[in-house]
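Residue numbering begins at 1 within each chain, and the chains themselves are lettered A, B, C and D in the order written.
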């Protein structure tokens, strides 16, 4: 299930939730719902805290059911290092992203071969908006609104400016992204400090013991020409993120290359990790307890 | 001759010049020489003005011989719109470039197929430095130094900050580049103003009547998914530059996609246009006059 | 119009004919009709002789209208050398063909990129049957049946046994085919005799002066690694056929490699040539005479 | 070690043997040596019987050392079904093979990307000869020559006529081969009998318990469009052979498609299996016994 099955399932997702089922969705339908967590399991497991609010505000209130989404495949790749950098060095001010995305990101039948063999298509419908919007929700916090209700609070806390340019390339699996960031803190960290912070970052999912969580949330390559999708997409079964070429940027502060497996951590692997997190955090009653 | 033949020819180029021959070089050897013009014929034909200085400062002074270079293939693509934008809207402040370059850019045998099929290589040795350095020389002016000698004056006049990220993709011909720019002038021009300025730009080469100059220096695509290398690289025999997706950038001001044919305008076509310019500007005595 | 538009047009084709229009069809609908010529213009222009019978047997009889088809793209490539060989050396006894066909042969959207990038698909629905059936009609003659009516007479005159294996490969344009033949005549011709006969073959279309006919019906390559689709598909605007590697076969007699441009001579170029032949042979009244 | 390292090692291989070491070679150097077994471990483990002769005829005679080779990658794929068919239905009379070989078969750097992207190269130097020669040795038996010495006896026992046409295609791993065979026995077996015989064939390597031997020597696909290299090359870790499209051939008797992983069973996996066979058959003294 490596494509976004958004067209088919919005009604179904809501009905499952109303029936007290728990929905871990890779589709885009509920990602922008202010009560539905958008969780990249390698970085913002804390957003599970919205689940009680989502249940309470449902009509009628729910005991067990909720919907939880994971992010778009290209968002997932870039947001992991952004979160790691913010954790180590404080808020980011701006971020430029140029993606080179695999054909499997478009599902099947997806891209006609006549469109992509010996070619680059410098456009993916809706993709740049997804990256620019989803990243802010994922990196954002939770706040209380005027009526005392909790919701995701993107704008007050996250002034990060993001600009994405999305391209389709003739690669089967693995989205490569050239990323450049500017830190609020001056002076910014050095490339070496960034490398160390990225390599040292550990996900909650791994710390909590999720069976599918990668040992290395971020693998930092030292070779000048890595990561490459064909060589690195299957490392750790595609559950982690690969980063290389961390260096200074003459326009922003630091630039680097990210590779994420769009059909693993960029899709179902994130749904599975979210389900594992739900069990470990107590949002799914253990089977033995029933 | 679509690769940079730099390793072979530096001595030869100098000997040809000393023998009063005129050398139009696609190689990198003399691009950084402060007396040698680096001319992208679609934009800075004015740099021919350095030729008399180069001849005069040669030992012994030359009557006819000189060396003139054209730029790296990926530099050529991006510098054309940058020059057109500066002409219309004044100086640029910064520029981010991410390239997706064709395998033919590496010559033959070049990239092993095992390295690039179903893959992206996010590194091309020396390429980012070439783009960042050559662009400043091409966009820069000519000044007089302390000894009254003329030379290229990059730094005083061109504070443009450029950051390039270069990638190799499985495309045979045609370099695609995602470019984002920030203007010094506030407020910056709108996307529509940028589109019009790019489409209206006419090269000196065409105005002067170079036979190989393209009618449209820059072809501006309106479709959301163009330019694409396989579809657009042969337009005008690869002598012009294609641009599309002109839109606002949330981090800098305006972003767009450039396509330039690396084996035509990015290589020998530029050498040929430079030779045509040399004839039309009187730097090569006409054959009939001899 | 590089795909077979068979699904859409069978009724339309018949109505056009009934309205006294002349239909040159690249579709498969009427290829097996015993009154409709199946003409590869480089070899069997003689089959125009069926047109009067087709008109006469129509109800009501027609004065001008007729339908004429050209062959499937992979049939077209192989049948040209087979006809040339039969003309030079007499009947063939058997023929083995393995094709490596371009994605453009499947039209648009055609083959999903996920099916063909880094892959071979050893099956093309209906293709092997088309090659095996169409070849016999094209190479066959015209006979009179028991009722004194003329029709294509494949079986009595053409005992050629053909076995085709069709594969799809990640090539954009140009079908490559490995062909092996056995001649009825013993001893068979040598590779050199075959090369000479293929190179010497001239089409009626060229002899009659069709403007779109290629000067070289068959171009015979001497290099050991040609023809190749990317290098040779555009030779003569794709209107001829390229052949190379003519050598002995240990199982049949002679084997060689054929390349034909599936979107030129394998498709619309054949329809155009057939129309040019119709004019030159007097089947279309000249415009000035009307 | 997926390429044939033949250029480097012939002297080394001989020295190792003279030093009483056992050499399992994937290189081509000794394949044609009449005393050196050429063993595709899935089919002719019986050729280990030559080892004592090789040792005895060495000067000085050897106690432990010998050289044993495995076959060329494309030979390996086709010879497995040929052996299985001969075992079930008696001798084959002729065999036509057209290969579509992956770029990894040429090693690294191997094929330049400019030669193979969007292309087919209908020639691989020496490959057709290897298939045609090696197959006969592998399928052949061992005989006594006039001097009472044993050697491989290809010609008296194996009149199989083989004709191979070898092509390079833009596939990373997995050689696809279209094969057609004629049986000596008349009438020949039906496609269904062939399918059953292929599926039922079990290798000595598996029967003897080699740890690396595949459970299914030959996996017979029923779908009309399989095997495909990208989908099937990793089945059983590439140690078996995949076959599909078993059907009648109008020229010979039966045709089918073979897929073999050229970097697994077509290379080092065969060397490993041969080593495992050597242990199990007692040609390598067990470590514990030393």
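Here is the rule we go by: a contact is a pair of C-beta atoms (placed from the backbone, for glycine too) under 8 Å apart; a residue touches a chain by one contact, two chains touch by 3 or more.
Which protein is which chain? UniProt says A, B, C, D = Semialdehyde dehydrogenase dimerisation domain-containing protein.
Note that this is a predicted model, so its numbers are computed, not measured.
With C-D and A-D as the two chain pairs, more C-beta contacts join C-D. Between subunit B and subunit D, the centres computed from C-alpha atoms are 53 Å apart.
For this pair, subunit C with subunit D, the centres built from the Cα atoms lie 38 Å apart. With centres taken as mean Cα positions, subunit D sits 47 Å from subunit A.
Looking at subunit C, one finds that residues 117-118, 170, 172, 230 touch two or more other chains. Chain contacts here are complete: no pair of chains fails to touch.
Residues 117-118, 172, 230 of subunit B are the ones that touch subunit C when the two sit in their complex.
Put simply, subunit A touches subunit B in their complex at residues 94-96, 98, 100, 117-123, 125, 132, 161-163, 165, 167, 169-172, 176, 178, 180, 224-231, 244-245, 249-252, 255, 257. Against subunit B, the residues of subunit D that register as touching in their complex are 103-104, 108-118, 170, 172.
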